[in-house]
Structure formats: structure tokens, C-alpha cells
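Below you'll find a set of structures to go through.
Shared between the two complexes below is chain A, which has chain B as its partner in the first and chain C in the second.
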Partner chain A sequence: MKVSYVTPLDLAVVVVIVTAALTLWRQSLVASLRALSLQGVGLGVVAMVLGAHRRDPVLVFVGVLVLLIKGAAIPRLISRVVARDHPGREGSPLINIPASLVGAGLLTLLAFGATRGLVALIATPAARLIPFGVATTLIGFFAMVVRRRAVSQIVGLLTIDNGIALTAFLATSGVPLVVELGVSLDVLLAVAVLRVLAGHLHRQFNIQDLDQLRDLHD
Partner chain B sequence: MIYALLATPLVTGLVSALVPWRRWVPLLGVASLLGVLAVALVLAHDALHSPARALHGSLAVDPLSALMLLVIGAVGLLAAIGGVRYLDLQLARAQCSTRQASLYAALVQGFIAAMLLTVLARNIAIMWVAVEATTIVTTFLVGHRRTRGAIEASWKYIIICSVGIALAFLGTILLYVASSHTGGPASLDWATLVREAPQMNHAVVRLAFSLIVLGYGTKVGLAPLHSWLPDAHSQAPAPVSALMSGVLLAVAFYAIVRCRSIAVSALGSDFVRTTLLISGLATLVVAVSMLLAQRDYKRMLAYSSMEHMGLLCLGAAAGTPLAFAAVLLHMIGHGLAKGVLFLGAGEILELEGTSEIAQVRGLLARRPALGGLFALGLAALLGLPPFSVFASELGLVRSLSAAGLTWVAGLALAALALVMVGMSAPAATMLLGPGTGRATSPRLVRAPLGAALGVLALVGVVAWPLSLLIHAGATVAAQ
Partner chain C sequence: MKSTLLWSGIASLAQLIWLVLAGPLALGLMRKVRSVIEGRDGARVTQPLRDLRKLAARQRTRPTDATWIFSAAPLVLVASALVLGALSPLASLHVLMSSRVDVVAVLFVLLLGSVALLLSALDTGTAFAGMGSSRAAMVGAMTEPALLVAILAMSLGAGTSNLARLVDAGVATSTLAGPARILALVSFFIAVLAETGRLPVDNPATHLELTMIHEAMILEYAGPDLALITWGESMRLVLLVGLFSNLALPWGIATSVGALSLGVGLLALTLKVAVVAIGVSLFEVTTAKLRLFRVPELLAGAFLLGVLSVISAVALR
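Now for the complex of A and B:
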């Protein structure tokens, strides 16, 4: 195991999982957006480190792309919504903060248990970090379930997406470039659509809390 | 040919978006779909002999994808004609600006293009990208009417479907990982994956396939991630509901069918069958119980879509060529019948001003043409002969018992009987009864619906000219 690539890789992965937990911890929407941005940077660095190690210029390029899109472009898109329509904080989450953090810890353990077979199959130094990717995904799900603000839901969705991307980078030498481009474009467009919808919800119908969305039911 | 197929809606969409609003923009959309259907027919004809390929084989048309192309083209044409009427009405009442009308026309074309790409792509990750693109495009279409309900429905739609589809991406990545440990080169190409599958790690493929069924299942409307479906289908403009229910669900189901081939080739059929049976039966239970309690006819149609997707899932669980022939015929029948019904329901909502079943009475007496078409559409959907759904439901039940799943066939029959009862009563409320005054709908509404019902009856009676294609497609699907 060469220290030269494993240490920066470990660090970058730790950044991703810690920022995922941070989005659960901090109630201020601005703070959780900052965490999301840092998470995107961490994810980009993971790809770049792996690319440098495998002497794969395409993967390094993908890393730069991820860093720009997920570290800068997407958080900036959402921050406009926060600045304009949704100032302030997550109201009262369904589960309080300490309990959420315990939940995140349990989900991380679950991720370790669920991926044992996969880690053993791939057996590279990068692969032993796969549980963190899966844990990030699960924490994203958890955030979407317990948070009620539109922006928090978008952050949760992006955390899920980052977790899956992290898993993909660690488990393979990166998917083909055309797939990566398509996926990035989809994510970017989805966030743009969500931003518009969040604006409608707030300005046209004055909906702050997604629990107010109960017009449609059986 | 394949390039022409993709370029037609893309170019039309760009023109609709960029040119300032003109009255011919929706007609251009109809022309584009006529073009798509024509090219799809040629490709379907060729697919029986030599599959067309493009872009170094990364896009290809085998009989299975050819059949999907036909469904997209046919229901798309129906919806494009419905779109002319929808935009006319919206603009006439100043409920949408010309800018929004242009956006609608452009997005419908983008929606069609994304679905075409889904069924053309050989690379299962590109297929995923295309399915996710359909979510993004349709979100604005679902919310096009800008009412509180429509915006709520589109929010739920994009959030739930994006989460679901993210799971399918994880599943796709896991298949890629499994393929990179078979000794061969790592691949995302469908045919290569099917070939390499016997050497794949079983645990990884099992996990991958479960995630794929759960993930794409969200878009298909399979339980448990189905809750967006009745909201989106009831709030979207009628032509969009027709497209989503008639084709989009089937296109997402197609993605599961492709991945099923890989999983079966790796694991054998037991695990795959159990997974699909669980999702199919759970979906049937949810759909039938909700359908029986419905007071809103658009939501009732939405739950009926879930019921039919549950049936398709059971057919895929049986997994024999016979079962897939029934599944494919059922996809066509359900697509056309639902297209007719959602467009008819949109017209009823337009004229009656309510989507509550109890508020609509005596349709056959008051509006014989529209009421008659709606009644025939329901008859087609409920599987009465001569419509093709009769043949495909019979085929599904038979193939289930032939595959040793007699108890499932029994459950499916029970579900069909319950739905028959559950939908006939509200239909009788809406259609029968005295009424005064006769009003007719424009020919623009009646003619395409009548034509679609004609095609359904024709396919139901003689299966011509589709039988060859259906059998070839079923052989591919059952691989």
C-alpha cells in the first residue's frame, strides 16, 4: 500500500462523509450548503487522486469537472434560492439533531456490513473505502426523510448522488467519460428544475415547509 | 435511419423553443410524431431481418426496441394531436402565455427524444441517463398548469423519481463492477454484459438487480416507491398524462427487462423471479385497493396504470418467450387504451369542470360521441374482446400457469375481476343516466381516439401485422 496515494484518498473520502453528517447537524441552510460544496470538492479530489495514481488523464479530467460542477456550480445555483426565498434555518426536523447523528452513525455501520462482499471482491486499497460511499448515500436518504424544507431536500438528494458517485469512483476505474458527462448534465438540469419549483412553491403559494404540501391525497 | 429518428423530435423541439409562438407550432409537433412513427415502422420492418446500428453499435434496433419505438410513436402521435387542443384552450382562456405554450411544445418533443434514446441505447448507463432525462423534462410538463396542485405534484414527482433512479444508477455501476471482475474487459454494453454474466460474482449481481428493480420500479410505478404516480398523472395536462401513463411507464419497464436478461444469465431464474413476483404482487395489491376507493376518475386511471404495470411485472417473472409475447402485446394495448382514456378524461374535465366521478352523469345521453369513445376505451382497458388487452391478459394468465406459477395466475385473475367490478360501477355512474342537451366535441378530439381504438381492435382480432415482431421481441426479452 503506497502511502503517497492512500493518505490523500483517505482524507478526501473523510471530507465527503463528514460533510454529509454536517448537513444533518447544522440547521442553518447556508451552513448545510457550505458543507455540500465542500463535499463536492472532496469528491472531485477523490477522482483526481485516483486518476493520478492510475495515470488516467480522463479520470483526472472527470475529477476537475466534478469539482467545478458539484463543488461550485450546483451549490451556487441553490444558494440563490436560499438568499431569495428561503432565508434562515431548517425549522424543526422530525428527529432532533443528536438522534439524527446517532442515526447517521448506525447507517455507517450498516454500510460496512452490507458492502463486505463487494470490498472483498475488488480488494484494492481504494475499495476498502467503499462503505463510506454507501454510508454517504444512506445519510442522504435519512436527511430527505427527516428534513422538511425544500432546500434541505435538494441537499439530501445531492448527498445521495455524491455518495453513489463516490462508490462508483472507488469501485471502478471510473465509468466511461460519455456516461460521466451525461450523468453530470442530468444532475445539473435536475437542480435547475428543482430551483425553479422551489421558487414557485415559495412565491406563488407561500409554502415554506413541505408538510404544507398536502393538497393531493386519496 | 436511427439518426433521423432521434433528430426529428430534437430539431422540432429546438424550433418550437426558439421560434416565437405561431399557431403552427403544435401542428409541427404532430408532423414530427408522424415522422417518428413512419421511421419506427421502417426500422421495425428491418429489425426482423437485420438490426439497424449507429454510432459504432452504441445505438441499435433489435425487435424488442423496435416494438418500443412503435409504442412511443403511436401514443406520441395521439398525445401530439391532443396537445394541439390543449394549447388552443389554454391560450384562448389566457391560462398560459405564448412563451409557456412554446415551452410545452418543445418539452414534449424533448420527452419523446429522451424515450427514443432510452430504447435505442445499447449501453445500460446511457439508458439510465436517458431515463433520468425523461424525469427532468416531464417535471415542467406535469406542472405546466401552474396550479398549486400541479406544482405540488411536480415537486413530489422529481424528488421521488430522482431518488429512485439514483438507486438504479448504483445498480448499474455494480453491474459494471461485476463485469470488470469476469476476466473480460469491463463493459456497460448490454449484449457483452449478458455474455459475461455467467462469470459474474453472484452477490454483487443480486444486489445490483434488486437496486435496479427498486430504482427503475419507481419510474414504472411499482410499489413501494409509487406515491408520485397518482398525483402526477392526475395533475398533468391530459396529453402529458397520456404519454406518461401510456409510454413512459412502459419505457422504464423496458429498462428492467433489459437488466433482467443480465441477471438471469448470471444467477439463473429463481432469484430474479422472486424479486419480480414480490414487486408485481405488491403493486397489484396497492393498485387494486386504491382503485376501488377512488372518487376521482383521473386518479382512478392512474391506479389502473399501476395495476397494469404490476401485471407486466408478473409476466416478466414468468420469463418465458410466451409470457413476454403477452407482456409486449399488453404494453401496446395498455399504451393505446390509456392514451385514449386520458385524452378522453381531459376532454370530460374540460367540458364538465370536475374530475369527481359522482359529479359527472349521463355522458352517453349528453355527449354521445365523447361518452361512447370513453366507454369503448374503458372496455378496451378492462380487457373485453375484441380489443387486444383481452388477448394479452389471457396470454399472461396462461403463461403464468405454464411456468408453474398457477397460484400467481389465480391472484392475477382475482385482481382483474376486482378491477372489472371496481371500474364498471363508476363508469356506469359517469356514462349512464338521463341527460338533457346534446353537445359534440370537435372532430380533432374524436377522430384520433376513434382511430386508436380501431387499431386496438385490429391488433386484438388478427394480431396482424405485429405478431412476427412481437414473437421476435419476446425471444430477445426472454434471453
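Now for the complex of A and C:
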């Protein structure tokens, strides 16, 4: 009986963390958006599996919502910017890709070590997955630090958000619908704004590299 | 007791004979699949065997400055593959010394062949061979950690690093789809592609100076020595593919001694290796070779997947 929900839950959580690593791995922006979309799907499945296990229709609904917004709507919004304005590659990240992948591995270990107390405290099958949620958040931060392109940084931001949501789903017995709705719509709005901003940056100054934004222009 | 020993001897011998033939045939199969997809007729599946016979009959040539290392390397390569063919659980769990064969030891014996080739390439003193061996060393140095971490993850899951028991643990568990296991297998597969010089890392069918890795190393070999190297490399490929498929899908492997189970094991092994080989050639048709400087990215990714797999093996126990 226990196995019936633990294995799908494990798989969905691992999908989230592997896609977070994929956004660091692949240079192609299209590929990292595809990974982001898969990450949203994984997150939605986590919420749905947990909801089904706790017989909580609201949580299942939240899962469907997360799947639609984070798995479909947000990646589609960003991919339009990529298709229109940007060349398809992350140019030169601050840290090269092998080193940043090793960094992601170290961050995962760090998350694993830092959440040991929390995991021991809650002691449910869902709670032992909390390190992966924290690790996803850290990998998102890391991506925002090392990547230069506006789109890559948006992907990093969304990874952070997904990591926080994952941790919340696993640690608590479900976030209230209103809160989850608020957060998801906030993120959607933020992405819409960032997307417009990235498009304007490109058209006005013809740059995608945020490190070039050092001087003030009229 | 005595009959068990006898049967393990027979199993080892059967695996050895199987490996000797399966190496070149797998190579032929992969080439055939590739040519059919590309719309060519392609050579027969048995063509590599004929090539080996042709090469073996030719004169042996050596660079003037080469030492004994140059002559020894092909023998070391073939010998390491043959030893592993006899001792690793390919068709049967009960082969000679199966209770002593550790995964790490298997990987290091496999590495012995690679190192012998590397040294022989340096030994010839030509610029190309040296370049090839430096590239091979780079790829090898990044592949080994990925391979070892993937193996570590699988060992953690099974609680043993003994190869036969590791495969047996795969037979015993009903859930083949644990996350740690899937990640470890993906990482292992990428490492196998790199270790055997298949496409995203090295193109086995080219002699283009700028890109070749393995072919650059063996440029000076001719005749029987070249035959030995081709043969040894093909056996290594089949060995790694066989180990991979046994770790991924251990079905059909002989868990008891006896002629029937051994026969079934050999048949299942042949099928699995053929399926994986066809899969690899399909994959090769659809991918382009990575630029040499992007190979570390691929292998670092494999390493990261291995690390994630180890972490999930520990965390999700």
C-alpha cells in the first residue's frame, strides 16, 4: 500500500531536480525551456500524487493548476521571447559548464546535509524528499548567478520558485489554495513583466548579456 | 560441490566463446543498422569477421623506434577483455570466481586495456598518435569518475559491490524503476558510450585528423596487431553493453547451474545485446559528434547524474 504512492512521488521529485540540473547542463535556451516545462509538470504531479494520497481534492486541483501554469503557460510565454529576439544559445556563462555541474552536485550535497534535522523531525515518506526541494532552490540561485542571458536568468528564477513550491508541498500537508493561487499568479505576472523587459532590452540596446548593463543611457 | 565448479567452468567457457564471436558480429550489426537507415545496402553482418581474417594474414609492420610496449598493447587489450568475458556474469550468475568479482575490479581491468593502448600510441613517437592518446586520456579521466559513481549508486541500492550479487539484486527486486537506479543507468550508459568511443564522443567510422580520438591512437598498427586491437575493442564494447543490459534488465540470466538455464541465459544475453546495439546505432544516426571541447560537458553531466543517483539512493532508502 505504501509503495503505491511513494514510487511515483520519488520519480516526480527526481524529475524536478534532474530538470533543474538540465537547465545548467544545456547551453541551448530552447532545451532549457523544455526542461523548465518538464519541471513544472513534475511539480504538478508531486502535488497531485500527494493530494491523491491524502484524499484532498483541493491539493489535486492545485496540482492541476501548477501543471497548467508552470508546465505550459510560463514556458510558452518565455519561448516566444526566445523565438523572436534571441539567438538560441547561452553565450559564455561565468563558470564553465562542467564546473557548474560539479557545483550543482555540491549544492545538492549541501542541501542534503542542511535539512537532515528537518527530515528527522517530520519523518514521513514525503519529508525525506525535502533535500531535493532545497537543492532545486539552490541550483536555481546558482543558475541566476552564473548565467548572463536575461532568459537564462528568468529560467533560474523560476527554478527557485519551483524549488520553494516543492519544499512547501513536501514539508506541509498542503498549501492553502488561496496562497498557492496567489504565488502562481504572482510568478506568472513577474514572468510576463520580465519577458517584456527582456524584449525591450534587446530591441533598444541590442544586448542579451546583462553584464553589459553598466552605464546609464538616455 | 564439484559439479557446481564444473558447471561454472562450462559457463565461463561458453561466455568466452560467445564473446569472441559476438564482438565482431555486434560491430557488423551496428554498421548494418546504420547503413540500412542511411539508405545503403551495407556490408554483411559477418563482414568484421572477414576483415579480421584478412588482417591476420597480412605482414606485421612496426615503427622503427617502437619498443616492446607497442607489441604488448594489443595482447593486453585482448587479454583483459577475455578475462572479463570469462569472469563477469554475462549469461550466468554462476561463473568461475563469481563470488570474488567486484565491480570496481572489473572496471580497473577494463581500464588496463585502455591504458595499454594509450601507452602504445605514445610509444610510436608520431605526433598524431600522441595527440590521440592525450585526447583519450582526457575523455578517460572524465569517464571513469562517472562510471565509478554510477556503480557506487547501484552498489548502495543493492548493499554489495560484488558484480554477480549486484545483478542478482536486480533479478530479485520487482521495482526496476526506482529513481536512483534510473539515474545510475543513464549515467552508466553515457559513460559506456564514451568509454567505447561511440558517436557523441568519438566517431568510430572516421579518419578525420581534427576529430578522431581512438583511430588516431591506432594509426601505426597494421596486420595482425590491428586485427587484435579491432577485435579487442569490439569485445570491450560487447562486454560493457552486456554488463549494462544485465544491470538494467537482468531477465533471462541463468540463476541456477545447468545446461538449460545456461542456454537460455546465452540466448537472452544475445537478444539484449542486439537490442542495445541496435538502439545505440539508432541513437548514433540521429546525433552529431560533439565538439571535442564540449565532451567534458557531457561527461560532467553524466557525473552529476551519478552523484544525484548516489544521493537519492541514500536519501530514499
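Here is the rule we use: the second predicted complex is superposed on the first by the 214 of 218 C-alpha atoms of A that agree within 3 Å, B and C clash if a C-alpha of one lies under 4 Å from a C-alpha of the other, contacts with A are read in each partner's own complex, and residues count from 1 in each chain.
The definition used in the following text is that a residue touches a chain if its C-beta (ideal position, glycine included) is under 8 Å from a C-beta of that chain, and two chains touch if they have at least 3 such contacts.
What you see is a predicted model, and the numbers here were worked out from it, not measured in a lab.
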Which superposed partner A:Asp161 touches (first chain B, second chain C, both, neither): first
Contacts of A:Leu201 with chain B and chain C, given as first, second, both or neither: first
Touched partner set for A:Leu189, first chain B, second chain C, both or neither: first
Which of chain B and chain C A:Arg128 touches, first, second, both or neither: second
Which partner reaches more residues of chain A (counting touched residues only), chain B or chain C: B
Which of chain B and chain C A:Asp10 touches, first, second, both or neither: second
Touching partner for A:Val178 - first (chain B), second (chain C), both, neither: first
Touched partner set for A:Gln153, first chain B, second chain C, both or neither: first
Partner chain(s) touched by A:Val46 [first = chain B, second = chain C, both, neither]: neither
Residues of chain C defined as touching chain A within the complex: 142, 175, 177-179, 182-183, 296-297, 299-301, 303-305, 307-308, 311-312, 314-316
Residues of chain A touching chain B in the complex: 117-118, 121-122, 137, 141, 144, 150, 153, 157, 160-161, 164, 167-168, 171-173, 175-176, 178-179, 182-183, 185-186, 189-190, 193-194, 196-197, 200-201, 204-205, 210, 213, 215-216, 218
In the complex, chain A residues that touch chain C: 3, 7, 10-11, 13-14, 17-18, 21, 25, 97-99, 101-102, 104-105, 108-109, 112, 128-129, 131-132
In the complex with chain A, residue positions of chain B that touch it: 123, 125-126, 128-129, 132-133, 135-136, 139-140, 143, 146, 148-149, 151-156, 158-159, 162-163, 166, 169-170, 173-174, 176-177, 180-181, 186, 188, 201, 203-204, 207, 230-231, 234-235, 290, 293-294, 299
